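Chains here go by letter, A, B, C and D, matching the order in which they are written, and residues are numbered from 1 within each.
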Amino acid sequence: MSDASAPNLEVVLGDITLSNPVISCSGTFASGIEYGQFYDVGALGAVTTKSFSLQKRQGNPPPRIFETACGMLNSIGLQNEGIDDFLNNHLPVLKERSIRPILSIFGENRTEFEKISAQLTDCCRYIAAVELNLSCPNVEKGGMAFCAFPETVKEVTATVKKMLNIPVIAKLSPNTGRMDLAAEAARDGGASAVSVINTLVGTAFDIHTCRPRLGNVMGGLSGPAIKPVALAHVYKLCVKKIIPVIGMGGIFDWEDAVEFLIAGASAVGIGTANFVDYFAAQKIVDGISRYLKEKNIDHVKKIIGKALH
Amino acid sequence: MSDASAPNLEVVLGDITLSNPVISCSGTFASGIEYGQFYDVGALGAVTTKSFSLQKRQGNPPPRIFETACGMLNSIGLQNEGIDDFLNNHLPVLKERSIRPILSIFGENRTEFEKISAQLTDCCRYIAAVELNLSCPNVEKGGMAFCAFPETVKEVTATVKKMLNIPVIAKLSPNTGRMDLAAEAARDGGASAVSVINTLVGTAFDIHTCRPRLGNVMGGLSGPAIKPVALAHVYKLCVKKIIPVIGMGGIFDWEDAVEFLIAGASAVGIGTANFVDYFAAQKIVDGISRYLKEKNIDHVKKIIGKALH
Amino acid sequence: MKLANVEIINNNRIGDRLYKLEFFSPYICKMASPGQFINIRCCGPGQIDPLLRRPFSIYDTDKKFNVATILYLVKGRGTANLSRLERGNMIDVCGPLGNPVQPTADKILLIAGGIGIAPIHFLAKHCIHSHKTVYLLAGFKDQNYMLVEKDIMRLSIDYSIYCEQNMWANRGVVTQGLHNLSRFQGYHIYCCGPVDMLKALQKKLAGAKNQVTALLEERMACGIGVCQGCVQKIKNGRDSYSYQKVCSQGPAFNLMEVLFE
Amino acid sequence: MKLANVEIINNNRIGDRLYKLEFFSPYICKMASPGQFINIRCCGPGQIDPLLRRPFSIYDTDKKFNVATILYLVKGRGTANLSRLERGNMIDVCGPLGNPVQPTADKILLIAGGIGIAPIHFLAKHCIHSHKTVYLLAGFKDQNYMLVEKDIMRLSIDYSIYCEQNMWANRGVVTQGLHNLSRFQGYHIYCCGPVDMLKALQKKLAGAKNQVTALLEERMACGIGVCQGCVQKIKNGRDSYSYQKVCSQGPAFNLMEVLFE
């Protein structure tokens, strides 16, 4: 990308600046180390890590994966070894490779978000941003997702922002009604951007055994099947100009990515596509660049929101 | 189906009894007359008509259709010639063919539902049930869908039920948060069943023209892509045993239909599949029957909800 | 109208992304009239993506051998799948759909732009069969349709071809064939082609006394008048319009009543 | 591990729904060890359905001609698509994936049930190559795997085949091959097959001193240890367990530590 005629891919989301708009989605890229076997993941706009919790979580019983029409259900259940594992085992490798990840975290209540943040104060400069996975159940509110309660979204965001003073991203769920209210709350809490969308709740059954296809019964639907839904959420938020949006949900190729950008997303997240084509995210960076070049557009920011007018 | 060994396919949803659980979805089958060219639509459990309003509606500007991954977006905008047209032009043909349809209706507010019902009092015995399309915008509530407001769902259902005293079905949207509350409200208003789900809000853009693919920008996503989401909604309602459910969303073949039945649906709606295979609904009736026979199950009611336990 | 699994006789590439597909179907050959189309499933066996059927005009029917033909351009995934099929493969076809075009006038002017030649070709054959005076104007971007001209020649009618890019034919766009409109006085005009061509014709023919029928296209879901997805805005009365279904109320409409956006 | 588009050399049906697919890949042939698998995209060109890759064990590699082989059963849409491919077609393959199985014991007992023969066959070859004493027990439902026996014979090892349905082999299930367990004292056992077989083996071998390694299967999304979708419940310590990834922590696990539901 050193030649002078290459379009400028830099995007700015509040106080977050990325060299290009392509980000890996949480939970679909681990901490980027595995994909480093295939290409230089540092060349992506950012790598978002798997969501980490305060303590280790076993996750849901298998089966955890089921394929559906142009999509997949997963019920990983946020299995992870806890934030310590990230700090001790993942971050050192990322530092070594000069990768500043977006760290995804989640808690069962506000206190847990606080405690995780407390552990991060020392390593803030190695992290590009913290993403709050607000689709996870809030045990204080009877297990409904955090983003169903705008007031909670605001509180949690503000708490983390205050403690860490690095960019905060709120990741929102499409399963809980008014996303615009959640986005406004995130903004009011000090978030720099929102990630939209997390998976849609879905399920499947085996008609011969009459058993659910997933050990946990309910799972999250991702992949091309959900793209139109994700785009609609992104578009509706961007029309209202609430806060910069990282658009995700079913992006499989650079055309999909451009579609999210013109719908108003300031950056895009690549999730399930990484499983199918390990080079997907890298190819999407190249494809966006080629698209701009062919259209003689010198800066990616000029296409962001182009379909809104 | 005259041989003695054929399984009994009759299903009962409150005060609605159907000879088999396969229903055509509103808006995907017109009034059944076109499909009558292909097969005897009277052999379906029921035919649900396109939604009719008090007055003629032009609908949305084209393009109205866009295909997505294993799904389609539509923005028909409820174009119809008004309830008069149904009474004068459709119903006589249906009567002649001894088909008692489920009549789908919608209004912009409660009064419109009332006025339509007033026109139906004379023909109630030719109609198996009235389905209230509560996914349409309620102008009194700033254009948000009826089903976003449980209290309104209850009121409208009760009004229509009282005026007509025939079975009423409430059709619910997956786009407005808590569907369980809407289902409870429908039950409390006197509905015999709920139809679940209507289309998911979605959109798409052309990355070359930067224009929306649909004249109305937003459309409704249907087809196999949404099946896991529809199944999750059906399952969650059925676990709570609120009210009998007509399950729909992405059903393409008899396996899909059986999946909804074991997830608790008392009947299934066939929508987009009708466009692709004009015989889809008929084939699904046959497929369910074959499935039961192979498993030596004499009555379809024995598989309803089998995956819930 | 019937739904049937039919056998492919030939599926030949005759230009850049341009194919001619022939299939065996006594029923379509017997029933199909000009203006009608068929709806083809373009996914592989057991597949559901691409989901919807794709509409194609009937290009020709050979009643002796019961072979029907469509002419198609590869545009997206559906037509790309179609182009990979071979002789002996089966395809799922529904048709004939839409309303037949039944010209009553004695003199017929046919205007085709690009792939719009498909229904126009079939209509031309029909007109010749019923001993009408036929003139055909066709416009193409480039020489991609050279082999189609062979079929046109075989019709033994008067025709002119316009081409934007090279020396193969008259240089220019097809509307230039109407420079001397009076030559076509009393002709009923039938046209099919890209929206820009139809708009230009609408303008050009605004004052003329000719009847003008356009064959329209719109994205379709059902193809049989059920879904109301394929509408066009059509003038009815002075200031009013309605959305009419291309599949079941068309594809033929009075061009002068079409309201392009 | 690499992602590559490789050419199919052969894709032959060798039984009911049973196929052998050979492809040209110097890389896989060089790198693949027993126990490893490859991840194949099973949709057509430009298609996205079926979406996810499908995992298949390596059945054989021929380093001289650089041909790798998998043996597969047609189960659903993915494998059905695979079975339609022909010599000369390209497939998108990633591998080798998973951890190599490197037997250290001198005496090896291999137990395969059904399609579980695929990785066991490759492992058997490897063991022979490193001059181990090998005994193979294979169990099949019916005579569908008759042609696979030919490959087993070619290995020149001691083996017995059990078959539930007919006279081709010993009548019964494969676990009957263990009726005299003392015969296999000191053998390291490797097994692969349906869950019911593995459960039966777990029970049968509970008291025995043999080391038992099972090659497990689970539905996968990424195949490279990223998604945590392919986990199995594995005992660690007395009362605790953890979910371990079949793709990157397996597919080989100590059978005695596997917690079947």
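Simple rule for what comes next: contacts are C-beta pairs under 8 Å (C-beta built on N, C-alpha and C of every residue); 3 or more make two chains touch, one makes a residue touch a chain.
All values reported here derive from a predicted model rather than from experimental measurement.
Novice: Give the chain pair, either A-C or A-D, that is connected by more C-beta contacts.
Specialist: Looking at A-D and A-C side by side, A-D shows more C-beta contacts.
Novice: Using mean Cα positions as chain centres, tell me which chain lies farthest from chain D.
Specialist: The most remote chain is C.
Novice: Rounded to the nearest whole Å, what is the centre-to-centre distance of chain C and chain D, using the mean of the C-alpha atoms as each centre?
Specialist: 55
Novice: For chain A and chain D, let me know how many angstrom lie between their CA-based centres, rounded off.
Specialist: 36
Novice: How big is the gap, in whole Å, between where the Cα atoms of chain B centre and where those of chain D centre?
Specialist: The separation of the two C-alpha centroids amounts to 47 Å.
Novice: If I count partner chains per residue in chain A, which residues reach a count of at least 2?
Specialist: Only 69-71, 223-224 qualify.
Novice: Of all the residues in chain D, which ones touch at least 2 other chains?
Specialist: 48-49
Novice: Thinking of each chain as a vertex joined to the chains it touches, would you call that graph a line, ring, star, complete, or other?
Specialist: Shape = complete; every chain linked to every other.
Novice: What residues of chain C sit close enough to touch chain A in their complex?
Specialist: Of all residues in chain C, those touching chain A are 48-49.
Novice: Could you list, by residue number, the parts of chain A that touch chain D in their complex?
Specialist: Residue positions touching the partner: 27-30, 34-35, 37-38, 50, 58-59, 61-67, 69-72, 74, 76, 79, 223-224, 252, 272, 274-279.
Novice: Please name which positions on chain B make contact with chain D in the complex.
Specialist: Contact set of chain B toward chain D: 69-70.
Novice: Which stretch or stretches of chain D touch chain C in the complex?
Specialist: The contact residues of chain D facing chain C are 44, 46-49, 77, 80-81.
Novice: Show which residues of chain A lie in contact with chain B when the two form their complex.
Specialist: Per the stated touch rule, the residues are 68-71, 73, 148, 176-178, 200-205, 207, 210-212, 217-219, 221, 223-229, 231-232, 235, 250, 255, 258-259, 262-263, 291, 303, 306-307.
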